[in-house]
Each structure stands twice: as C-alpha cells, then as structure tokens.
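Here subunit A shows up in two complexes: once beside subunit B, once beside subunit C.
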Partner chain A sequence: MNRCFVFSMIVVIAFILNGCWDAYELDQIGIVTGVAIDKGEAKKLKMSVEIINAPELSPQQSKGNSSTVVYGLEGNSVAELSHKMNVAVSKKLDFSHLQTLVIGESVAREGLLDFLDYFESSKETRNDFDFIIAKKVSAEDLMSTTYPTENIPSMKIYSQLETGSKEWGTYPRVRMKDIITAMVSEGRQPVIPVATVTGSIEEGINVENRKNVEPKAIVTFTNLGVFKGDKLLGYLSLDDTRNYLWTQNKLKFTSISVPCGKNKFFTVRAYHSQTNIKANYRKGEPNIKLNIEMEARLDEIHCHADITKSNVYKKLEKKIEDHVEQKMTATINKVQNKYKIDIFGFGDVMNRQDYQAFKKVKNKWDEEFTRADIAVNVKVNLRRAGVRTKSFLTELKNE
Partner chain B sequence: MKENISLWQFFVLTITFELGSAVVVGIGNDAKQDAWIAILLAALPGFLLIWMYSYLLSLLPGKNLFEIMEVAFGRKFAMGLTIAYSVYFFYLACYVLRDFVEMIGSAVLFNTPSGVVAVTLMLVIAYILYLGFEVVGRVAEIFSPYMFFFIFLLSIFVWISGNFEIKNLQPVLSEGFQPIMNAIFPQLLGFPIGEIPIIFTVLMAHTSNFKYSRKVGMYAFGTGTVILVWAAILQIAVLGVDIKLRSDFPLLSVARMVSFANFFERIDATIVFIMMFGIILKISVFSFIGLKGLEYVFRMPYRPFVFPMSMLIALFSLINSESFAEHIEKGFKILPPYFHMPFQIYIPLLIFFIVIWKKKRHRFRKGGNR
Partner chain C sequence: MNFFKKWSSSEQTKFHQSQTTSEELVPEGEKKTGLKNHLEQNRSLLQQVFGDTSDFHIEKVYTGNREGLVCYLESMVKHSLISEQIMKPLSQSSFKQKPINKVKDLDDFRKSFFGGINFHFANYKHEAVWHILSGCAVIFIEGITKALAIEINGTESRAITEPTTQTIVRGPKDAFVEDINTNISLVRRRLKNPRLRFETYHIGKDTLTSVNIGFIEGTVNEEIIAEVRKRISRIDINAIFDSGNLEELITDKTFTPFPTIYSTERPDTVTSNLIEGKVAIFVGGSPFILLVPTVFTDFFEVSEDYYVHFFLASFLRIIRYMAFLIALLLPSFYVAIMTFHHELIPTRLFFSLAAQREGVPFPTVVEVLLMEITFEFLREAGARMPRAVGQTISIVGALVIGQAAVEAGIVSNAMIIIVAITGICNYVSPVYNFGSSSRLLRFLFIFFSALLGFYGIILIVMLLVAHLVSLRSFGIPYLAPVAPFIIEDQDDVFVRFPIWGARKRPSYLNTGSPIKSYDAKSPSPPPKRRTDS
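And now, the complex of A and B:
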C-alpha cells in the first residue's frame, strides 16, 4: 500500500515538474538577432525582424544561401507584432539573443520611442543589444545590408560598434539602460549613434554583395544623434562623438593628430584616459570643470623633433593638451549653443555634487546648461615613442 | 521525530529567512538612493525587539509565544489570540508564496498556470513540515552555502562586467532623514525586519541550546541585515535609482546586466534559485508557527493539519489578489500598518509587560509570605 502510494506520487510529480508548458525545442524557435523599427504607412509602426538561418552558419552545411531572413510587418505595437510575425515567418520568434535595434530616422524625429517600454519590461530581451539610428535609409534596409566577413548583418553592426568604441572612440555603446536613464533624468539627455548605407541599397540586401571585393553597399557610421527626451534633435560629427566619449570617461583608446607645421602632423595614441568632472554653483552661475588625464605614446611625427630629449616631450605634451582642450571646448560650446541640451550629464554630476543648488534648477537644467561656465583641463603624459629613438625624417639629406 | 534544531541551523535559517524574498524584491524604496541607510537603521529597533522577546522567553523557559500568552491572559483569551496569530502567519505564507508565483509567472515561465507553481511548491513544503521542524533546519543548512555563493558570484560578475557604478548612490542623504524615516516606519519595520523577532518567539523555544540562542539570533540577524544592505547597494549602483524603483524584482534585473568575456551571461537562474530557496524556508517557517498555534488551540500534534493547511495556503495565495498590482498594494499599504505593527510589535510588547508585571507581583507575594 505504502509502496504503491510512493510510486504513484513519483509518477504524478514527474508529470508536474517537467515544466512542459514553457518548453520550446530549438527546432521550434527562430532566433531573432536584429529588429528594425520604421514608421508605418497605414499603422503606427513597421517592425522588421532578422531571423537567422542556422544551417547557413555552419561551414559544413552552408549552401551559399542567405544566412538571415528579414521580414517586416506594420502594426500599432511592437509587443503585438512580435507575436504576429508568423503571417510570413515559420517559427516562434525568440528575442533573447537580440544584438542590434535599428530605429528609422523619422521614428526618432517624431519621438516614437515609446515602444522601448516593451523591450524594457519583456522577460526575453536583455540590456546587451545596441541601438542605432538609420539616417537617410530605412531601418529595414540598413539591417539587411550584407557584409563579406560576417554572416549576420546585425552581428556585423554589433562587433563594428564594439571595436570602434575601443579603437578610436567612434561611437558610444548605447544600451537600453543608458537611454532610459538619460530620458528620465533631469540632468542628462540621451544620445544614439547614427549609421547609414553607403552605396546601392538594392545590391546591398543581396547575398551576392558578399562576393564583391569592394562591397556595393556597406553600413557606415556617420554621426551621433542628439535627443531631447524621446525626440531626435540633430547630429554631431564623429570628432565630436569622440569628445563626447571623453567627457563620459568612456574613452579607452584613441589616436590624436596634432598639427605641428604647415601640412605636418604628429599623432599620439592615447590610453588610460581618466576624466573627472567637478560641478557646482559659484555666485549663481553653474560652474563645471573637466579634468582629463591620460597617457600617450608617440606613433607618428612629420616634423623635426629630437625625441631623445625630455624637454621635447614636454613641448609635445603641451601641444596635445592645447589641441584637445580647444577641440573639447568647441564641441561643448557647439552643443550649448546649437542644441541647448545637456547630453553630457553635467546635471547628473551637479545633482551628486551640489544637490541643494541643483534641486532649485532641476526643471530647467537645460537652460542652465547653456549658460554654464565649462572649463576643460587636459594633462597628457607622453611616455615613449615606438622602437626607434629618432625618426629617420630628422636625418633626411634634402632638408 | 525531533523538533529541535542546532544553533548553527538556527543561524543559517535566520539569515536565509531574513534574505528570503527581501533580497530579490526591492525594499526601502521610499528612501530612494538611501535605501541601504534605511535598512541599516531599521535594524536597530530589530535588535531591540529580539532582545526583548528573547528576554520574555527566558522568563518562562521552554514555552513558546502561544503558551506565554496563556500565562499572560489565561487560556480562553490566549486561544482567541492564538487563532488570530495562526491566521496571520498562514496569511504571510500565502503572501510570500504569491510573491514567488508572480516572479515565476512574469519572468521565468510565462505559460505555466500559477496554480501548478503554487501547488508543487506547497507539496514540497508540506513534505518538509510533515517530517518535522528539524528538516527545515537541515534544508537551510544544506542549501544556504549555495545562496551565499551565488550572491557573492553575482557581486563579482557585476563588478567585472563594469556595471557597478558606485556614484549612483550619490547624493547621500540629499533630503535629510525624513524619507528614510518614511521608509522605515512602518514598511521596513514590518517587512523584512520585524518578521525576525516575532518568529524568534516560537523558533527559539525549539533550539537545542536556548542559553545561546539569543546571541546566535542577534549575530544571524546582523549578518542578514548586512547582506540585505549589500543587495540594496548592488541594485542601486547597477540599475540606478530610477530603474530600481520601477523593477518588480531588481536583483533579477541586476543579474540580467551581467555580461563579460562573451561567456558569463544569462545567470538569472541563480537569482531564481535564491528567491525559491528563501521562499521555501519562509513559507516553512510561517506555516510551522501557524501549525504550532493550531497545535496549541486543539491540543494535538500538528501533523494531521500539515497537508490540508498547505493546500489552503496554495489556494489562498492565488485568490488573495486578482492581479500583481493588487498584491503589491496589499503588501505595501494594508499589511504594514494594520497587520505587521500589531502582530509583530504591539501585542508582543503588551505580553512582555504583562508577564514582567505578573512575575514581579509573584515575586513580591512570595517575599511577603516569607
């Protein structure tokens, strides 16, 4: 009797505990790696998904077909569309491996970022995908443009962003948390990198594009999009983007070319850069000080300079410092005068460091930002220069 | 079947109980980025209550709260109070179970019916309770190292993946102490701080060595509070105040942020484990105390009540609230002022003073006779 009871309990529990309700096998799901949001013609939005074609990713099974499938559908909410895609797509979509979210320019201009709510509260999506604004082209086309060495377009964009932000500081890695925090914060406005397709869009969305030595179309990053709340205001150039990253203490490596004569430059590789921001109110004026300290290595020099001498190092350091200070100040002034919003998060710094003063102005911080007195102070420590003591240029006979 | 737990089991059981669901759901939200200070300060009255209640128990050795009530009020009145207490503890078990069901439903298993989650968990707990309270202690002893390890691992991973931004904690004490006080009274004091002293009034009577149980209990409570403070700091530093306030399960969101070396990611399952383990123990303890109350009222061993009460807890956890919003509303607006405060503080304090008064009078009379 007792043994019988135990046995029947085991059978019952085995049925209950296996969690069948939420089981999806791998062959039942389509993994979505990219999502593109465009403005719909009839409905509010057009959502396009990029689903990977798994056999094409394996070297043995690949037949040279497209490794991704892109399909777009119009509707009013992303949450509904993500389950409605099966009007054309064969499998249940799984968004947990999303890499890139591309947003059409018109969507961003009109402040239609309210669909982000779905991505924030969904259990499937995480905070590990990147955001891009598609400029001049539709988000769907940008997401479909193929590239020779990467099978999946959105993975190409993802690793491009990752490498770019580490190598030169081309674009900030903007994640959902950053955007949402910036949107709701009183002392910061969001930014999102902007990309476009250079070349022919029709040939870009073809697998044949991957067979060209010089791709017929390629996704290139061009700007940094500046947002006021959820509306796209305008664009900053790539140089400004690097300066923006510098203020955020997010710049890991970069190369700076400084003029040292007529059409002559010297280039240093900067690393270990550290940015400290001090913000307070002095006599009713917002006062912000940026202190940037970095180490650098001399990579290339066109001018005559005897780099065996330490005082030459000092002179070069001074030149770099002046150059960076000037460029940074120009970028900040441009944002202050042209866009009149605080994308740098100086308000957040003020909130942390001078809370009582910030509390009074937090509803009009962007106005305060435009009249803020911002000083940039750069300290460069030039450490070494390649593996030669002197450049061969200093020994050139014809000079 | 023994009903005594060792001091070490008592220690880890208390810590796990205190962490329970509180480490996963955000607490002290009224204090915004100073939530960790609020938790730290809320522990002070907790220590005081533990001291008082353990003193109360030491006055009448071997008796638990319900038997002490009899000393204070007489059997008839004590029975009424005991039934009220049992209902309160069973309700807390329902509430905690619903927390778990909601987390599973909203973050892990979408399509699984809530009833299945609730009933399966309660079957496990009924089995544990049926085997006796010692088994609860052993469950705590066996699984709590994993929990500590996972919390440690999460902290390290979050730090390495570069999400830990300590500046999110600033500005410290921006609005003074008022928001902190609002967070402590009555919310933090009721959950999770005040739950510890009140369960001690029954659990301490079941430790193998009562003499040291006060000291061990205080250490456990202190350790648990430190981990809670750390969890709050982790949540605020990683998510930022705004996202923390808007998250149902901030620690789960923290785990979702972990991603480094393209390999250590998607570790949310560890958080679900922490929550599930904490909740199993919390429900076990609450149900055990409730059953002890029934044992006192009906003067019979509690085992026949285990299975029916467990199923009732599963049922009531589901019909208690229709939606998650209603559930949270009850937990934050109704429970602390109208239930936590009287049951955790006012009534025990009343008993405390009555017992001391009676003892004094007793001693005085004794002295007079001599």
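And now, the complex of A and C:
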C-alpha cells in the first residue's frame, strides 16, 4: 500500500510539475538562420538577425519575394537583443537553426567577442554554426547579400564553407567550441575565416540580384583572420590558409600546382593526407617537427614527361615535396615573425608530448613559438595519373 | 515458476464448481427426474419442457413387440437422415426383432438397427432434453426407463474457405468455420498424434455453447491446463456467442489494451502452437480459436514465417516490430518535435515543414487529432458499410479528406504523410486485435506529447513498460522471453533460426518435454565423389 502510494505520487509529480510553457508552433516562431554582430553607434553592439520567410522556401508556395528578412537593432548585450527584436519583427525568434554568425571587422579588432558567452550558455542554440568575419563591409550587409541558387544567404555561406573546406582547403570550419578552447588555451590562438562582398553592396541586398547571370554582388572568402585572444591581429592569405589546415590535419583533399618549367605547371590532387606533429624541447630550444604524408593523383601536366616510367613519378614526387615544404615553412615563418602568436596549436601538442617543459613556459608560449625551430617534412606518394598514359601534348608538332 | 504456484494456491480456496450442465435445462425441483415406464408419461414430460414449439416432433413407432416414441427437433436434424437412419430400420424391426423386455436389451436393439451411428443413453429427463436440443432423435420404448438418443444432426454450416483476416501468401489456405466439429477435425487432420486430447464443456445457461479445450498430453504444462480447466469451469454467464466473449471471461487482466490471449482462424497456427505446448480453446459458433498462454512476441509472428526462408522471415519480424513502434509513437513524435523540440529536425527539413505549417489555422496537436480521428471514422465506416458502397468511401476518403484538406490549408502535407504511415503501420500486425492496442494508446501518447513533449512521451513509455511487465497470461510473464530475458528462447523471437536450428520448445512455457527434435541437422550436399582413383 505504501509502495503503491509512493509510486503514484512519483507519477503525479512527474506529470504536474511540468507544462507546455515552452511549446511554440512552427508558425509562431521566426527561424533565425544568421546573426550578424556589428559595432553599434550609440550602444555597444548592433545585432542583426536573418529570419526566414518559410513559404518562399517552398517551390509550390514561392511568389518570388525575399525569402529572408534582416533586421538590426542596437543594444548592449546579445541576450537582451535576441528577445527585443520584436520592436520590428512579428514572431518569437528561434535560434536553434542558426547557420552562420558574422562578426564585423571592427568588433573583432576591438575584441568585443564577449557576447559569445550568450551563445555558449544558451540552451536553445546548437553549436554547429560557423563563424566568419566581414572585412571592409558591415556584417549585416554581408549576411544580406543574395545568391541565385541558394535562397538563404547564410545557408549559402554555410554550404560554401562546408564545400570549400573539403574541396581545396580554402578555409577552416570554425565552430564556437574551437574559438573558445583556442581563446582559453595557453598553447593556441583562434582563427576565423574572413569574407567580403565583391561588387555593389546596394544591389547585393536585393532579391533582383538573384536574377543576374553574373551576380552584382557576391560573398567571397578572402583571408584567414588571426586572433590574439579575442582581438583580431591581421589576415593570412588563402594559400596560407591551406597550409594552416595542413598543420591541423584537417586537409582531406586539395590540388597543388607545382612549376615544372617556364610558365609550365603540373597539378596533383592530394588525398589521404595525414599530418603528425612531434614537439619537444631540445637543449632549451622548442623543436617542432611536422611530418605530412599524403597520396596524390596526377591531374594535369604541361611539361613533357613519360608518365609510364616510375622514375618520372619519383621526380615529380620530389618536386611536390620540395614545393609544399617550402610553402609551408614560409607560412609558418610568416606567422612566427609577423604575428608572433601560435595559431597552429603547437603549444597544445607540446603540452601533451613534453609536459614538463611546457609547464615552465606556458605563460609565455607565444614568445617561445616565435623562436621555435620548426621543420616540415613532406612525403608524397604519387599513385596514378588520369585515364591517359600518353598526353596529347606530346604529339603537338611545334614542341 | 514460483509466481505461478503462489498465484494458483491463493486462488484454490475460492474455487467452486459452477459449470453449466444440462441439469439446468429443467426447473429447479425436477433435477434428477428419472424417465418413466410409460410412453405417455414420458411424452407429457417432454411436452411440458418443450411446450408447443412448432419444430418439436413426436412420432409414434413400433419396435418389434412394443410401442415407441421418436422425438426430435425438426430444425436440428436432417430430414433425409430421419427417414433413412431411424424410420426405415424401425419399420423393419417388427420382423426380426428380439423382444425388448429389459433395460439392457436396449443396447442389443441399438446394435442391430443403429450400429455405427453416434449414440447416447438417457436415464434422466434432463438428459433426454439435452440430446433433443443437440440434434439427436431420442427413442423411447414402452416399459423401458431408458431412452436411446441417435445423433442425426444435420444442420447446414458454412464451407471451409480462405481466411478473411489472417491471410498469407504461401502456406495452407483453409480457415476455421463456425461449426466446432469441423474445426476440431481441421486440427486433428493435421496432427495425427494419439496424445492430442479434447475436453468438452458447455457454457452459458441459455446458449449451452460447446467449448472444447485441446492440448497434447505430455507436451503441455500440466499447471497451465489445470488453470484453463479451472477458469472455464468458473464461468457463470448466460450466453457465449463468440470466442471473444470467452476471452474476456478467462483473461488474466481485463483493464489492459493488450490482448493476453491469441486468437486465430488458421488451423496451421493452432496446430503449431499445440505442438509448442500451448492450449487451444474452441468455441462453438466462432471461427476464431483461442490460444493460451500468449506472450507479447506471439503477436509479431505469422505461420508464414515458417514457410518462407528464414532470412526473409527474420527481416519481416523486425519490420513488424518497427511498424508497431511507428504506429504507436509517430504522431506523438511529430507533435513533440513540431511544438517543443525544433532543434532536432534537420535544418532543410525544418524549412520545408515550416513552409507547410504557414497558414494552417490549428495547433499541431489539433491538426493531428483531427486527422487521426478522421482516419478512425474512415476505417470504421470501411469495416461496417455494405460492400456495394465501398467505392464511395475510398473516393471520399482519398480525395476529399486527403487532397482537399491540404489544398484548403486546413492541414499540412506532412500531417497527411504522418497519418498515412501510422495507418499503414497499424495494419502490419498479423493479429487484428493486437493492432487495437497501438490504436488506442496512440491517442494517449499524442495527448501527453502535446502537453510535455518528449518528456511526456518518455513518461508514458515508462508507465507502459511497467504495465507490460506486470501482465501475465495464464501465469506466464507477458514479456517473456524478453523480460525475463531467456537466452535459449531467442531462436524464435526477433529473428527466426532455421527450423533445424530451433530444437527446443519455449522454456517459459515449462512444457512436459522441452525438446522438439533431438537430431535435427542442417541439410548438406552429398560428399564429393573421388573420380581419380
């Protein structure tokens, strides 16, 4: 009897201590797919949200109107603004499907990333949205620039990032967790990809832009933003970005063009790339070794080479290895000398592999990184060429 | 089987015999009234019982040296048999009959005229009445206090046809009919086993419906058969028309949406379950045979599983379990996701759902209930309506409700898909009355998911599992062999092992002989012949 009573009380409590307080029908919420943070004129921040206009996304219901609505409001905190947007927006905002977070350049320069606290602790947002920095244009404008084949601008940026990071290694996919762990880590500094709008901003934020064969404005990725803590220091080029990805063991595919003569190149498609980092202190000097091993396929060759011979492959492999080693060393040296911060996370590797040594220098690791001896060793296994063993170029008369 | 013993011993004390017998056919004071010496007295006895019903016939005949009476109910016998089997022999009796002087001469009389025909003797009035009611011609002879009942019942019954509710593609295609003797013979024909036993009971004060329990002596668990006997004897009711009535009277627990007794109209299913060690209950007038004890997993098995390849059978079983879960949970999942857990939907699907929801005037839960109830209306109409108007319902159902509701913007497209999938999955269960459990519980799930989201669904699932493990079917845990988990019984639950691989009877049935076949082996090709030597 007593057990029965206790059980039924548990059941009753389980049911009545809850309610439908967080129930929202899909048509009651405005789904936010993009958030842009700019520096406010009067207040600390200006937050812009991109809300989808769902019927425009359905082929049957679409009338050719804008599929997103962007509205910006100034305020001091993101948490407050996200509930204050209804000064102009009709529905309750729902951040659970946030795709892209665009940060204005000035916000990043001044280190105003403290709003991330809201996104990290909010129970509503997932943490699978991407971060980018808007260079030269306001974050809001970048988020509003339309694109013909993708109805939602921030979805376009999202899928562009996804494809780009897989196809060539154009930019790393930076998630909130990456930024925050890099910010708080002693052995790493954060990076965020940087994009800008090429063309006319005025015409870009119009639905009409989607009707142009050559869009009047388009979001293009240009750089990789290098941070020291929460402050943007400067930019790396796209080539450097790929080299950065290589050090992170995140480069799955890429294409490398290597010169083989005067204005002649050969291109290989690299895959199964694997990077191993060895870090330790040798005679008081930080010593870092990167071993990169990859497989590759010969895609294009302008020079004469008999690619049925294995020693030709060996020569080509050597050329690629030298080329990649040189480029990567250049990138690392650039970061060491120009920015003097460890964006590669070598400190984290040191922390794992040579803990005793790292413990002593962890508060000044960036200085140690600057004087570190970093060696890159690349091993390429050129496996095969395309379906032709003999290029038509070898039969050209004038050669 | 501790729980079984405990349970049955506690019941033992309350048990008392109240089975309906033919004694109740006559008024209270006239029980054990013997038959009289004189024909006229017997005639008035019967006429007093049957009154002046128009189908009761009494004919005067001569049996050798004495007068006799033949009594029968015209509506229960076959006319040609009356003249053929009764009147013709009797008309010849006067020429060669030994005189009947004593009670024991009656048997000689029977042997010489009615040999080979099923017969009974009646000593009491109620016995005579009972035999007349069950379609015998009862012969009274002047001066003899015993009557001879000859079975000549020849009522028309439906021919054996294909099953209508439990159809299969490959396998035997006959089904039980309303006639209990035909049904028993359908089983006996398949099971030429001398240990196959049938026990007859008559239940219902007004209907005296024949109820037969069938089992294989030695295979069946004695405790279970005793329990079945006890429960059947305990029934005190006026009328039984179908095995469904009986099911409600002998089931372990009435307040549950889950059937704890399996009902089938397939003789092969009954036969195979008898071999497994279960008990079959046949009810006169019902083409559905009950099988006890029944566990939850029985409702996901079809006899066809054993006639097709075991890979396919195993796949189909898993499909059936999936379908059960979908039929139970899909609408409530939809409601929970659409009102509480937006973040769980893949983004692109989310946009598409949001576009569909735009302009729908009702909350999702109202939309779901609206469509589910409409679907229940359609289904009920489809099951009951005259065949001639069947087309109308399907057209109205498909066009008007499906298409027009979406076009009018009352419900969303996704909703129609959800209701349709749920409806289809509900019919995947091979036993119709099992589908009704998910059909009812679905609404409970929808209600609580609308209130509490996934949290509500989980709460109900927990209560449901607690309820399921508390169920028993004739003392056997309803979720056996899953809870309690019995490893050696898993050869025929979620997947079916090849027939030669499943040698044992389910151990939870605690049968008299646990092993079906000792030497079952996988078939293999003949050894390679050596040709080189």
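Note that in this section the second predicted complex is superposed on the first by the 381 of 399 C-alpha atoms of A that agree within 3 Å, B and C clash if a C-alpha of one lies under 4 Å from a C-alpha of the other, contacts with A are read in each partner's own complex, and residues count from 1 in each chain.
Definition applied: contacts are C-beta pairs under 8 Å (C-beta built on N, C-alpha and C of every residue); 3 or more make two chains touch, one makes a residue touch a chain.
What you are looking at is a predicted structure, and each value in this text was computed from that prediction instead of being measured.
Of the two partner chains placed by the overlay, subunit B and subunit C both lie in contact with A:126. Once the two complexes are overlaid on the shared chain, A:352 sits against subunit B while remaining clear of subunit C. Ranking subunit B and subunit C by residues of subunit A touched puts C first. In the superposed model, A:99 lies in contact with subunit C only, and not with subunit B. Of the two partner chains, subunit B is the only one that A:180 touches; subunit C does not reach it. By the document's definition of touching, of the two partners only subunit C reaches A:15; subunit B does not.
In the superposition on chain A, the residues of subunit A touched by subunit B in one structure and by subunit C in the other are 19, 22, 96, 126. Listing the residues of subunit A that touch subunit C in their complex gives 11, 14-15, 18-20, 22-27, 29, 31, 33, 52, 54-58, 61, 94, 96-97, 99, 124, 126, 152, 155. Taken together, the subunit B residues at the contact with subunit A in this complex read 106-113, 116, 119-120, 123, 167, 170-171, 174, 239-240, 242-243, 256-257, 259, 265-266.
Listed in rising order, the residues of subunit A touching subunit B in the complex are 13, 16-17, 19, 21-22, 96, 123, 126-128, 177, 180-181, 184-185, 351-353, 355, 359.
Subunit C contributes residues 338-340, 342-343, 347, 350-360, 363-364, 448, 450-453, 455-456, 459, 463 to its touches with subunit A in the complex.
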